[in-house]
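When the chains are written out, they are named A, B, C and D in that same order, and each has its own residue count from 1.
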Amino acid sequence: MRKSRFWGGVHPLSGASSGKAPTRALPVEQFVPKSVRIPMNMHLGAPSSPIVRAGERVKIGQLIGEAVGALGVNVHASVSGLVTEVRQAKDGEPASVAIENDFKDEWVELHPVGGVEDCDPQAILPAIQAAGLSGMGGAGFPTHVKMCIPCGDKCEMVILNGAECETHLTSDHRLMVEEPGRVLKGLVAAMRAFSAEKGVVAIEDNKPDAVEAMRGAALGKSGVSVMLLATRYPQGGEKQLIQAVAGREVPAGKLPIDAGVVVLNVGTAAAIADAVELGKPLVERIVTVTGRVAHPMNLRVPIGTSVGEVLDYCGGVEPNAKVVLGGAMMGGCAADSGAPVTKGSGGIVVYGPGEAPEPTPCIRCGRCAQVCPIGLVPYEMEGYILSKQLHAAEEIGVMDCILCGCCSYMCPARRRLAPEFHDARGQIQAERRKK
Amino acid sequence: MIDGAKVLALVFGCLLTDNFVFSRFFAERSALAENKLSAAARIGAAVAVIAAAAAIVSSALYFFVLSPLKLTYLGTVTAVLSVAGAYYLAERFLKVKELLRFDHPTALHALIAVDSVLVGAALLGAQAENFLYGALTGIFGALGFLLAVVLMAGVRERIALSDVPEGLKGLPISLISAGLIALALIGFSGFGG
Amino acid sequence: MKFFVSNPPHVLSPVTTRRLMLNVVLALVPAAAMGVYNFGLPALLVLLASSAAAVLTELLWQACTHKPLRVDDLSALVTGLLLGLTLPPSAPLWMAAAGAAFAILVVKQFFGGIGCNFMNPALAARAMLLISWPAAMSGYVSPGADAVSSATPLAQNFGWLDLFMGKIPGSIGEVSKLMILAGLVWLLATSTISIRIPLSMLAGACLTGWALGANPLGEVMSGGLLFAAVFMATDYVTSPRPGPGQWLYGLGCGALTILMRHFGSYPEGVTFAILTMNALVPLIDHAIRPRIYGHKRRERHA
Amino acid sequence: MHSEQGTASSKRYGLIPLMLAALPALAVAVSGLNGLVIGAAALAAMALASLLLSLVWKFVPAWMRGFALVLFAATAASMAQMAVSVALPRVSAALGLYLPLVAFTCALTGLPDAYDVDHELEDSLVRAVIRGAAYLAALTAIGCVREVLGAGAIFGISLGASFQPMRMLALAPGGLMLAGLILALLRAIQPKRRKEGEGA
């Protein structure tokens, strides 16, 4: 099978020390937290509004936060027990609901739609919306919005993103190996919802066991195939995946559906299968805990569990460690041990403390431009941004940047390119809103 | 009367080795002024057109009017008048006013004060062996000027993003850049014979 | 418990500026060693003088202007070494030092230091020396034989073996083609540079030489062309960004070199050719931009 | 942009704008003698143009004033050129068109602007002479520096064969770089005027 390519890209922590080695063969274990604090802003769009009060008893899967606005997403209780606190948003802290686990593991009454193969395709989307799905790859785009296709557009192909190109993470890998059937059911459901003819599971070639498992599950399913991709970051970026798998580009400023493609994370697909066949909302996800912890693990963690509790279970961390939610290339840092596991966090990676090296002047070596998967020239954009010429930076494409961090990774002068672009995009967006 | 090798030498000389900006120092200020490539090309083109026209007019006046009448000592005044004439012609027919963004009543005064390339070209046009060489000098000199303006604008765009020491910012570093480019263009000496 | 917080990415490629510069220095070692072997002590002294002067000038400037001391990035050493290798072994030491000081001070630091210069410092310094002291810069000595001076190392015919081993009169680092190629292999193997510029420069020289009726391979093998194609034209700061612009730039460098050799009044044109192309780099970068994902070509140009 | 600068530079009377106007002089100011002669010609042209201006200004109609300025400057430059070509024919030939060119641009830049001229006519002659003298000194100094360092001689007298001059300084690249350095130096000397030369 063809190993498709996209532009640029890097091989962070390549080879034996890819960071994935410690957890790639570890089966997923269930983690049971003592308490959870579920934030209301795990998705793109307006935060959900809490509909429970402190002192109330909730069961697993019970709606606790209602979607607000077009890009809103429902939030459900991930453990059963007593609501101890409903915190409103203030000082940059999001609104959240804290629940004390009573370990009774009680579920609310579930309302399945039916089997993915034979249910009413019209009922799939409402089920997904009710289940509170948002993209599990990290960006947190509401799944029902992604699957709501505007009139006139046709989705020809559904791509399941099993690339997992980020360093360290093995959660999607383990999901595909252990539950390929569930993942595939999600794909079939999505294809039926769109009446799409083709479904492709795209997997990097460093996960042969996942490929084998998915191929086995896809056997006999019409229109479904498994595609091998070169192992290169950011293979799993939505735009890069579409370029590699479908051979087309998403037009600038548009969504994948404008290229006739919808991309779903494998984790999201599994959640779709649960939502349709079992009526289960999204209340837990697989998290890879690795790096400088005593026992690296793949855990199935209820949403809202604190990072500190998970890390303690894995052997604890040294003081002042750096705890990254996600992979090394794009993952943000957890400020403290109270940070919750969200629908989008595929991993908790622990690093020792250590300042980033001091940036030195750019030597225009062009390595950043060579690895940019979008075809941008990062050093020029940075030059314009640093000399306060935001307009010039915009002209050469800073708004097209996907913040993958390849340029920062590559830069021999250690310049903080991607964070610079992140801030510049924020400023430009703020200016546009003013107009 | 027209020597092919000589014309070639003249073309190369005017464009590269004897460039109005890099070796004749005619037009340092306008050539070194513009940061934006597009703006530089626009202004440079407008000035180049006037310079070429001035050189042709001045050369024609010198060889067809002043020389026969033995009035060659009026060369400088004629050259300046040619610039004035060329400027008014260009302004009328080519709308250079908008290109140069002049809105000042004494635009001519300002233009000459800034760009000695105009008077320089006109004087040079009158200094050649005959009218043809004078006219060619004007045209290729103007083209060379345009080349210099565009080259310098490109370099200045880069300098604008650089961490130039405070005392050298602006004109000094532009002059040093022009000096380095002139150093490079010395390699073309000898071209065309 | 509070955690340590920083911006992603949390891993960085092991290649730093210093590592890249070190790669260049290592790539220069064979050519330098061969030069010293062929020409003896004077060559070594010239190399030492130019390198030391470059490093010292950079150090002094940064100290005097209260800028962070960055001599440890080795870029000044590279400049000094490159300049020294393009000088004739008979060059006076003060001249080598003056050239290196000019390179660092005027061409590099006046523009803001590393990464800001638009012209290759070593080459600009060589051009300065060439037009300032032409006699001292063209006194080429044959190795071995005592002081047979020849005006131009281009004009004579040498055996292939001599050419490869550097048994010909010429500049210290430019004579041994074999050692230059060894340096090229090292630079490519460590992906310090890409093959684009050296290859296109040699191609440009071959094509132009062929068009002018000269022996294309002879053109490439004579003078400092090979050395410049590998070490000078590939300077990051003064060459276009990676992509088609580099091919264009290389072709221009090669073609101009041969044209200047044949029509110019200086015997070796490679220095001026690359400097001229350096001045054109901002325009090349303007004209040739990579296409951005999801955009049609030329769409963004206002 | 040009117009602002043109009027602005004639309103300010520092050395920097004048030096800018006469940059072409650097092309030929490669020896002390050249610098001296071209500086003297510029001084004479400036003084003459001021004199002419103050004599006839009242009779020039307003719409012709801009043009008159240019004409006066050209006349003064021509006269300076003629004087030099009679007195020093060889130097005049070496300076070529730079002599009238520099004299003309200096005279023009030295003249007050058509609009504020009424207030400044009285002392314009004095100012022209003072500035011209400073300019003369500067060009002579630059010429000497370039002759000594670039050609190993001073006013034509060789400094001996053992001194190896840096010939670049006598050529165009050296002239441009030297001009840049001198400008930077001037700026350092008159820090308050720093912004003035910046326009160009």
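The rule is short, and it goes like this: a contact is a pair of C-beta atoms (placed from the backbone, for glycine too) under 8 Å apart; a residue touches a chain by one contact, two chains touch by 3 or more.
None of the values given here were measured: they were computed from a predicted structure.
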Furthest chain, CA centroid comparison against chain B: A
Chain with minimal offset from the mean of all protein Cα atoms: C
Winner on C-beta contact pairs when A-B is weighed against C-D: C-D
Centre-to-centre distance between chain B and chain A (centres being mean Cα positions), rounded to whole Å: 61
Between chain C and chain D, centroid-to-centroid distance (C-alpha), Å: 40
Geometric centre distance via CA averages, chain C-chain B, whole Å: 33
Cα-centroid distance, chain A relative to chain D, in whole angstrom: 69
In chain A, residues with contacts to at least two other chains: 361
Set of chain D residues in contact with two or more other chains: 168, 171, 173, 177
Residues of chain B whose C-beta touches two or more other chains: 163, 168, 173, 176, 180, 183, 186
Topology of the chain contact graph, where touching chains are joined (line, ring, star, complete, other): other
Interchain contacts, given as pairs of chains that touch: A-B, A-C, B-C, B-D, C-D
Parts of chain C lying in touch with chain D, wherever the complex brings them together: 106, 128, 131-134, 136
Complex interface listing, chain B residues touching chain A: 160-161, 163
Chain A residues within the chain B interface of the complex: 361, 383-384, 386-387
List of chain C residues in touch with chain A within their complex: 1-13, 15-17, 19-20, 70, 73, 75, 113-116, 236-237, 241-243, 289-295, 300, 302
For the chain B and chain C complex, residues of the former touching the latter: 37, 150-151, 154-155, 157-159, 162-165, 168, 173, 176-177, 180-181, 183-192
